[in-house]
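Before anything else, here is the set of structures, which you'll find just below.
Two complexes are shown next, each including subunit A; its partner changes from subunit B in the first to subunit C in the second.
Up next, the complex of A and B:
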């Protein structure tokens, strides 16, 4: 039986790289990414699951990294916004965000892009309603969402053409 | 974040032993969508917590199974899984629909049905549907296993009748057999993200002529704890639904709320709203039952 500890060791894969982090037991996945791995693209807005700024992909699903304990992420595969570009080139979702002016202050963008990726990975041809549901856990105080929805629609098309 | 020690169990027996050893100071964590919010705000509800026992990696607790006349669900089944599973969609669409309305995609991916029950929020969205399904839960500790009707689980808002050394290992309910229609309506502050203020679940079985043979209605955030409302069920049983009867049922729900919960600051708002929600849920469930042509299992 585990007797418990204040320090834990977490082994996980982040953006394709295996890492081991030793951190206090009450560390959240969000803190592990930002403070231990210095992946500061993932943002903290509310810290209570309401805003989605901290969204990352964990084992294929979008999650609020502020509501995942580091220990619970042990053995998982995590993708953050830093894992989106390939060979110095932005991911098609990121490009579509730029083209559609879906970024103003940018605080919500990393989380929004990760929700969009989780959505498009599971559903490459979503309806507008499905896109809205897909990003319903991500708040944006600047854009009014239309540009974001348009960007995701366009990214879906680009990605579909690419795999066709 | 409140400091705590972290423990992990890889099986149910191990989890029970750990809880028995640290009973009273150890909290179970599944998806963490309720517990981490409470630990972060150092809420009074987690004052006693010195250790957190992670059960999220216990594979045996994550399932949704068709067991002939019954459906069995593991406590780690996520809201996303409840919403998508073929088994829940076929035999418990009321539960699948409710799970689909929980929080956001991120919350549905992590939040579990066991956590939703054990957290015992008055507004928990899966509880009224499970009450209409006559669900029971299996709980385990080192002293054994017991099966208890879900209706007996809720003691007060955020308080259950489970002992601190017990964990939920299974949720089971009989498949409704025959012509059934359902409705789940919740009133949220925002479309996607809201702990609903009130919800109504109605599951109605009719005969071929539309006479309501089996009426099950449960509400959340209306009574002191989530519960079935037998007065309203009895009013409808044996009748064919008319507009007047549906309206009368809504009014009865509202007076039952006042009778059981007393008059509160929120009554002025809740009473007229619950009337309408109840009427709508009953009408939708009865209509769906009549539209159901073949649901004989």
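Up next, the complex of A and C:
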């Protein structure tokens, strides 16, 4: 319990901005983002790495931020849902989510979008099966996933056309 | 000509404004009219109005709210499912730095309970979710440590843990006020005709028992609330993840011992609810409010997933017993049923669930002789509550399995048996409701789904495949066996005769032409705000972008009842339509003066008001709104919609239960691994009589989600107990469907001309999941040749035909 109260300093880049946070050593990356930086787009659904609502991209990889200690994120580069919009324009993945009605209550949406980004960054032309695997760590209770998978498929196409 | 507003070709094309059908209840729809192309905004897949805020992470859910000086609340829950509390020692917790209050039952300023649920238990705990003490502290960590520092001395007591134990002779009484452990007010009988005579006439009679399980809502957002005290007048403001803000307001007032009007509740974006964020939220907000007033500081409470499992209501498990008789020709002559649900330790909503259950017990079939009894029992387990479909998914699982079993006993095709007995226009339901003046498209809907799935051919193909596999492997049955099954249902729209179904809506036109709308019903993620915005935009003839929707705020709109029973669109939509109509009337009077014509000659679309048949005489909605406002016209309206009374005779369960019914037919295709018992749901085709879909994209979203949830109920999900302890309180052990599990899903939006709902819409949200488990169970029976009468159809049940768990009707009891 005392390890928790020891304060540490964490330096990291969040959505392109360098930040320094002083927090107890047992703070999770999820708490750092939400409670210290007030980036509340990243959600907590289970706290044990099962639901994916807390997904962020850390050094290019999708991670469950509820399983990452803030200290171990020191020096890393984090992208959260708040970093997806550029100059007031939605990212193509976000646009596709809106167009395909891939959003109901929206609680899983930020994590889904981040997992989709990590997937498409690594694999710009995924099959439907690969998309399903890519978001299989993100639980959604509302949508039945169909419109989410459709959205990611469409976003992949838009992104490919853009780089082509 | 005024204004010179231009009607876009698009506006003229996309909506042929004549005739516009947006009837109020009772008004007839001209024969044969369909919605195709007649509307500008409704019946179109417009994007959700809240899509942008949600996809960017900007939407504020309750846990996303922070206030300066805020404290964090936590509760201590019982270690036992039934025990006497001998003493509680809070001194160590109180002494901890950063702790601002530690309260037990004796410190509560108002009532100890709301309905029957306890804010804090005093001398007895009746299930493991019961709270004994609560703490507010500087950080969540300190609050947790303080909770751990509280010492409770218990005297463990024996408990009641199943329907059978609850009903046993001399059983322990869970609640003093509930003799025989029967939950108060939950017995609902239905008596139609004479079942003895019906059975005497029958050639075939079968008796069966089915069971369903405890299910968690598993909304991904755990419960959260922040309560801010106002030291000036003693009022509080509550921000929370609430399905029913007005119920929460009552609970908070009761906890504080204050007037209802002093509690101001603002619903936050809701991360899913499905009926669940109700009792548990009343308790959470009541507790937080007490601590906020006590400390004079905002108090935030956020449940962990485990806490959510412990205290939130569950889907009631049912024991379903039937006796049904039919003549050789397949006409069902008599239907007798006893349905018992497990209500858990407290009130549990079973009094309402069971009414809906009694209405729907016999399914969508006309049966002359019916005897039904439904009641609920208390146990020392978490209480049941509303969950998507209310009691129907359980009841339909039993009743639609029974239909297949009856067909088998008759040597008849189960589809033929259904079609023979299915409701048609003019049929009389089990509650004596003659289905007139409403659409009853069940037979056509079933046929449409059979066509789309090529049901008979697929069934035959699977049968052949199974035979061939059996021959080629030499095994009595192939290893992977496919099967197909069907289930059908009807569902009363709205609350019906259960309780008053009135609700209000507020529509206010601003002088810039924008339109503010407010409902007393909540958007739980299902898209109600979008549906309401579409209804108002359509009626006023403005663009959907011109509508501004504000979340439910209990101080800004009268209490319009609960957002339950899929009444958001069906009932709330009618209130919206009523308010929009009155506002429109005032605006058209102003516009008529500006255009020098008669108000009756006007129509509007896409923000332009124009003379019917002469769109060159037009003016913008904005100009009219501005003129109307500054000339002092009333351009905002609070409309109160009251549906006609539905009489109900309780002793016989006879009466017109609902204003209208929505029909569904679902076909499931499965593959069963006969070596492991694993069930793979390959495809689900769901046909739903939606009346008219206000938003087809959202309607399909409801169906996809309903299929996934129904599949979870059928083969995956079960809250497991050891006596009263929940054994799987997080998503590592309570498994809900992932993207890899869901079947191919095919929704069919079947439109029918029903004069009751707004723009002919019927309820859909709950219907979307209610048939799915039943269809899957029938498909598994088709594949395996073995009928499993208990959910979920997990490995051991499919393989062995029974559960290995204790207390589950299994082998090792």
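The working rule: the second predicted complex is superposed on the first by the 159 of 164 C-alpha atoms of A that agree within 3 Å, B and C clash if a C-alpha of one lies under 4 Å from a C-alpha of the other, contacts with A are read in each partner's own complex, and residues count from 1 in each chain.
As a working rule, a contact is a pair of C-beta atoms (placed from the backbone, for glycine too) under 8 Å apart; a residue touches a chain by one contact, two chains touch by 3 or more.
These numbers were taken from a predicted model, which means no experiment stands behind them.
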Once chain A of both complexes is superposed, is A:55 in touch with subunit B (first), subunit C (second), both, or neither? first
Could you tell me if A:145 is touching subunit B, subunit C, both of them or neither one (first, second, both, neither)? second
Which of subunit B and subunit C A:133 touches, first, second, both or neither: both
After the superposition on A, what does A:19 contact: first (subunit B), second (subunit C), both or neither? neither
Go through the superposed model and pick first if A:45 touches only subunit B, second if only subunit C, both, or neither. second
Regarding the shared-chain residue A:69, is it in contact with subunit B (first), subunit C (second), both, or neither? first
Under the stated touch criterion, name the partner, subunit B or subunit C, that contacts more residues in subunit A. C
Counting only touches as set out at the top, which of subunit B and subunit C does A:158 meet: first, second, both, neither? neither
On subunit A, the footprints of subunit B and subunit C overlap at residues 1, 4, 24, 26, 47-48, 50, 133, 136-138
Counting only contacts in the complex, subunit A reaches subunit C at residues 1, 4, 24, 26, 34-35, 38-48, 50-51, 53, 80-82, 84-85, 90, 94, 97-99, 101, 103-110, 113, 131-133, 135-149
Contacts from subunit C onto subunit A in the complex sit at residues 45, 47-48, 50-61, 63-64, 66, 141, 145, 217-222, 269-274, 304-305, 524-527, 697-698, 700-701, 703-709, 730-732, 736-740, 742, 745
Inside the complex, what are the residues of subunit B that reach subunit A? 1-9, 14, 17-18, 21-22, 29, 31-33, 36-37, 39-41, 51-52, 54, 56-57, 80, 103-107, 109-110, 191-193
Going by the contact rule at the top, pick out the subunit A residues touching subunit B in the complex. 1-6, 8, 24-26, 28, 47-50, 52, 55, 58, 61-64, 66-69, 71-72, 74-75, 115, 118-119, 133-134, 136-138
